[in-house]
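Okay, so chain A shows up in both of these, paired with chain B first and chain C after.
== the complex of A and B ==
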C-alpha cells in the first residue's frame, strides 16, 4: 500500500512545488512583457497623469518587477494570492466563487462525453469496418473540425431559442438554476470530447479483443457475455481511465471558451476578463489554481489506474 | 443492429429539426400578436435584467472611470442639474434653480427641500459642499472637470454658492456631471473604502449586492424624491462578454436589455418579433488619428492627402451596416456648439495625390495602421483606408494589438495611424474640445499630439465667455481650423443601439451622454 500509493503520491506532491513556481514565473513574465496598462484601462482615457500615478502606486505597480514577483511568491506560501486590482477584493475570494461552476462544468461535460462516446465505441466495434464503424470514423473527423464556440452557439439556438427547453446562458441564483444552466454547456463540452474519447475507447476495445487473454478465454469455451465483460470491457476500462484523466487536463482550455459563450461565471470567464484588463494578481492566481487542478487530476488518474490494474505501481 | 440504431438516430434528428422549425414559427407568430397588444399603461414591479459587455469598476461618483461604472453611478446618485434627454439643455434635479452673480465669479444654487438619501437621512447643503469639494481633487479620474472651481460654500441649509477662479461658462454643465453627484457629507461617517462597499445616494435605485465581474443588483430606493417612481423593483446589471450570448439572452427571455449589439447582426434581429431594436442619438464620433510623433504625419499635406483618401460612405456601409452618418467635425451633432456647416475634405483620390505631391513624400512612404484585436469594425475600416492609400502610393501595413497594448500606444503617441472615438459626459463642448483639439488639454489632442496655438487660445476664451453667440462663434472657428489642419479624420457619427425585450417599455438613454434613463421604465406583466 505504502509502496504502491502513498510514497509516489507524496513524491508527486513535492514536485508540484517547482511546477507551481515555474508556472508563476512564466505567467508573471508573459504578463509583464505583453504591453498594456491596468491603470489606464481602469481609469479611462480621460484620467490625468497624476490620477494615473496615484493609482499605480496604490496598486503597487510602481515597484520593481522582481519585488512584485517576490511579493507574490512569498504571499503564496502564506496562503495569500494577493488582491485583484479590478475587482477590488482578494483574489482567493474571487476564485472561491468561480471554481464551483467550472468543476461542475468539467464533471458534467466529461460525464456526457463518456455517456455518448462509450456506447458509440461499443457499437462501432461490433463489426469492425462495418457501415456504422465507417460512418463514425467520418462523423468523428467532421466533429473534431467544429470549434466549440460554433457548437455552443448551435446548441443555444436549438435548445435555448427554438425549443426553449433550457436557458440560453447565465448561471442563475439557486442550486437548481445552476444545475439547469450547466446542461447546455456540458453538452457542448461533452460533444466536443466525443472524437477523442470515441477513438480512445474504440482502440482500447480493439486492443483487448486482440489480446492473448481473449484467445485464451475463447479456447476455454467461456460464454460470449462473460468473455466480453471480463476479458474485453474491463481491461479496456483501465486504459480509458487514463485517457479520460488526460482529457480532463486539456479540458481546461475548452472550458475557457465554453464559459464565455454561455456566460457561466467560472474560472475560464474570470481568467479571460483578468487577462483583458491586465489584472496581474488575478491572472496569476487563476493560473496557479488551474495548474494545481490539472496536477491533482493527473495524480488522481494515476491512483485510479494503479488501483484498477493489479500489475503495476505508480511511477 | 448498427443499421437500426442509425435509423433511429436519423429519425430522431429529423424529428428534432422539424419540431424546432415548427416551434420557431409558432413563437414568432404568437409574439407578433402579443406585441401589438394594448398594454401601454405603466405597471409597477419586476426586476430589469440588463446584460452588458463589461462590469462596473467602481460605483462611487468620484472614483468611476469608464461608462460601465458611470451609467451605474447615475442610477444611485443625483446631481444638482441634469442634461435633458436630447442633450440640448440642463434641467433641474436636486437643485430647483441657479443664478450667476453679477461679477460672474459665483453661482448660487437653490436645493430641493424634500430630498432624502436611501438610508432615510435628509440631503442638505453640507452634503453638496462635501461632494463637490471632494470631487475637485485633481488626482481623481474626473477631477479636471472642476478645475475652474475655487470654493464651495453653504449659504444656508438649502442654498449653495460655488465660487469660480474666473468667469466660467461651463459651470452648470460641470455640476451636472456624474462625478459631482451628491453623496452624504463625510460619507455618513464612513471611510471611503466602507462607503464603496455600500454606497448611499438620492437616486431612483439603491445598492443591494455586487458579485464582481458577474452581476450588480440595485433595488428601488423607497425614499426617492420623485413621487411614484421608479416603476421597477430593481435593476440587475449582468456581465456577459460575448456579443452573441447577450443577444440570445434577450431573445430567449433571460435578459431585457442587450447593450452594444454588433451592427452586422441588426438586420437579422429586426426580423425577430420578440425583441425591439431601439436607436438613440449619441455623441459618439469615431476618428482615424495620426500621430504627430510619427514623422510623415507632421506634414500637413500628408494629413490632407489622408483626409482625401477616406471613403466614409463605404466605411459606414461596411462597419455600421448603414446605421450612421459621415462626420464633418470632431464634434457630434448632439453637442451644443457643433457647426453643421463645417466642410471636410471629400473622398477624392486625385486631390489626395495632388496633396501628396506637395508634401515631403511625393512618392509616398511606408507606414502602419494600428487596430485593436477582436474589433472587426476597426479591422474593416483599416482595410478600406489601406486600399485607398495604396492607390496614392502610401503603403500602410495593418498591425493588430490587444485593447490594452493599443491603448498604451495611443497614450504615448507611439503609433502612425490608429482608431479611437469620443463621447461626451457633459452638455458643454468645453470638455470635449479641450480633449480632442487641444494638445495640453489632458488627452494630447485625442492622442495626436498635434499642437495648435490658435485652437488652444480660442478654447480658453470660449470657456470664459458668457455670451452664447460669442462662444458658438469661437467653437465654429476651432472646428474650421481643426478640419484644415486635419490631425485626425472624423469618420462617422453612430447611434446608440439597444436590443430590448418587447416586455420592456419606456426604456431610453440620454442622447448626449448615453446615461440609462430607467426612472420611467416598466416591465409588462
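== the complex of A and C ==
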C-alpha cells in the first residue's frame, strides 16, 4: 500500500511544487505588467495623489516586486487571493460561490461525452476500416472543428428555441432549477468532447483487441460476447480513465466559453465579467484557481490510474 | 497483429481524407480572396434603411443591423481569420521545435527547466490563459499572435523533445560534433530537420484549433475588433437577433467557421493515420 500509493503520490506532490510556484509567478507577472493601474481604476480619475499613495501603500504596491510576489504566494497558502475591486468582497469568497456551477457543468459534460462517445467507438471497432468506421472518422474531424460557442448556439436554437424543451440560459435558484439549466450546456460540452473521447476509446479497444489475452480467450473458445466484455472492453476502460482525466483538464477551458454562452454564473462567467470591468485581483484569483483545478485533476487521474491498473506505477 | 486484418483496398481512405481536406481549404481560400475582387463587394458600406433583411436577390446572405452585406463581410472576415490562423501556427512551431530540440539534445538542467516551463503553461486551461493574455496585452492582431505563441508551443516541444533525445546519440550527430560544429548549428541544421515531421503534421491540426481560438476571442469582443470583419464577431452580433428567428445572421458565419476548420482537421486526420499508436 505504502509502496504502491502513498510514496508515489508524495513524490508526485513534490514535483508539483516548482510547477505551482511557476503558475503563481506567471499569473503574478501577467497582471503586473498589464497596462492600466488598478489603484487608479478603483478610485476613479478624480482621486487625489494622496489618496492614491495611501491606497498603494494599503495594497502593498509600493513594495519591491519580489516582496509583492512573496506576499502573493503566502496569501494564496492562507486562502487569501486579495480583494475584488468591483465586487466589494474578497476574491476568494466570490470564487467559492462560483465554483459549484462550474464543477457541476464539468461533471455533466463529461458524463454526456462518455455516454455518447463510448457506443460510437464500440460500433466503429466492430469492423475496422468499414463504412461506419470511416464515416465516424470524418464526422469526428468535422465535430472537432466546431468551436464550443458555435455548438452552444446550435444547441440553444434546436432544443431551446425550436423544440422549447429547456431554458436557454441562467441558473435558477433551487437545486432542481440548477440541474435543469445545466442540461443544455452539458450537452454542448459533451458533444464537444466526442472527438477526443471517441479517438481514445477506439484506440484503447484496438490495443486490447491485439493483446495476447484476447488470442488466449479465443483459443479457450470463449463466446464472443463474453470475450468482448471481459477481455476487450474492460482493459480498454483502464486506459480510458487516463484519457478522461487528461481531457477533463482541457475541458475546464471549454467550460469557460460554454458558461458565458448559457449565462451560467460559474467561474468562467466570473472571469469574463472581471475582464470586462478590468478587475485585476479577481482575474488573477480566477486564473490561479483554474490552474489549481487542472493540476488537482491531473493528480487524481494519476492516482486512479495506478489504483486501476496493477501494472502501472506513477512516474 | 493477431486480430482482424484490415482489408486491403485499392484506394487509401486516409489519402482521400487528406486530399479532400486540401481541396476544401483551397476552395475556401479562393472564394475568400478571389470572389470579393470579382463582385466588388464592400464589407463596410452601410445602408441602414435596408438593415436586417433576410437573404434576397441583391444581398444573397441578407444584411446585418447596419445594412452591411453579410456575404461581403463573410468573405473579408474569412481573409482575416484564415490568414491569422495559418500565420499563428508559425511562431509556436518554431519556438516549440527549437526548445524541444535543445532540451532533448542537451538533456540535464536545461531540459528540466524547459519541461517545467511547459508543465506550468499546460497547468492553465487553454482558453483561460489565452483570454488572460489577450486581456493583458490588449486587443489587436498582434496580441492574438502573441497569446497563441505563448500558449501553444508546448505540444510541439513535447513531440520534438522525445524524438530529439532518441536521435542525439546517432552517428550523424556524433559526426557533426566531431566536425567541431557549434551546438546551436547542430541543433538547427542537424537535429531539427530530422525531428520536424511530427511537429509539422501537428501544425495542420493546430491551424484548425487556431481558427477556433481566433473566432472565440472575437466572439467575446477580444482580439480582432471592429471594424475589421471577422466570423466570431459576426456571430455574436447576430445572436442579439435570433430570438425573433432571424437565424440567417448567425447561420452563414457559423457555417464558414465549420467549413474552414473542417478543412484543416481533415488534412490533419489524413496525415495522422500512421501516428495513431502513441
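Quick notes on this one:
Here, the second predicted complex is superposed on the first by the 275 of 315 C-alpha atoms of A that agree within 3 Å, B and C clash if a C-alpha of one lies under 4 Å from a C-alpha of the other, contacts with A are read in each partner's own complex, and residues count from 1 in each chain.
Here is the rule we use: a residue touches a chain if its C-beta (ideal position, glycine included) is under 8 Å from a C-beta of that chain, and two chains touch if they have at least 3 such contacts.
For clarity, every value in this text was computed on a predicted model and none was experimentally measured.
In the superposition on chain A, contact is made by A:138 with chain C only, not with chain B.
In the superposed pair of complexes, A:187 makes contact with neither chain B nor chain C. Of the two partner chains, chain C is the only one touched by A:271; chain B is not.
Contacts of A:262 after superposition: chain B is touched, whereas chain C is not reached. Look at A:128: by the touch rule set out above, it reaches chain C but stays clear of chain B.
By the touch criterion defined above, A:210 lies against chain C but remains apart from chain B after alignment on the C-alpha atoms of chain A. Contacts of A:153 after superposition on the shared chain: both chain B and chain C are touched. In the superposition on chain A, A:287 makes contact with chain C only, while chain B stays out of contact range. Once the two complexes are overlaid on the shared chain, A:33 sits against chain C while remaining clear of chain B. Overlap of the chain B and chain C contact sets on chain A: residues 34-35, 127, 153, 157, 161, 260, 272. On the chain C side of its complex with chain A, the touching residues are 1-4, 6-7, 9, 13, 17, 116-117, 119-129, 131-133, 135-136, 138, 208, 211-212, 215-216, 219-220, 222, 232, 235, 239, 242-243, 245, 247, 250, 254, 257-258, 260-262, 264-266, 268-269, 276-278. Considering their complex, residues 1-3, 5-6, 16, 19-21, 23-24, 27, 55, 57-58, 65-66, 138-144, 196, 211-214, 238-242, 244-245, 248-249, 251-252, 254, 401-405, 407-409, 411, 420, 435, 442-443 of chain B touch chain A.
Per the touch definition, chain A reaches chain B in the complex via residues 34-38, 40-48, 50-51, 54, 84, 86-89, 94, 97, 123-124, 126-127, 130-133, 135, 153, 156-158, 160-164, 167-171, 260-263, 265, 269-270, 272-273, 276-278.
Contact residues of chain A toward chain C in the complex are 18-19, 22-23, 26, 30-31, 33-35, 127-129, 134, 137-138, 140-142, 144-150, 153-154, 157, 161, 203, 207, 209-210, 212, 214-215, 249-250, 252-254, 256-257, 260, 271-272, 275, 283, 286-287, 290-291, 293-295.
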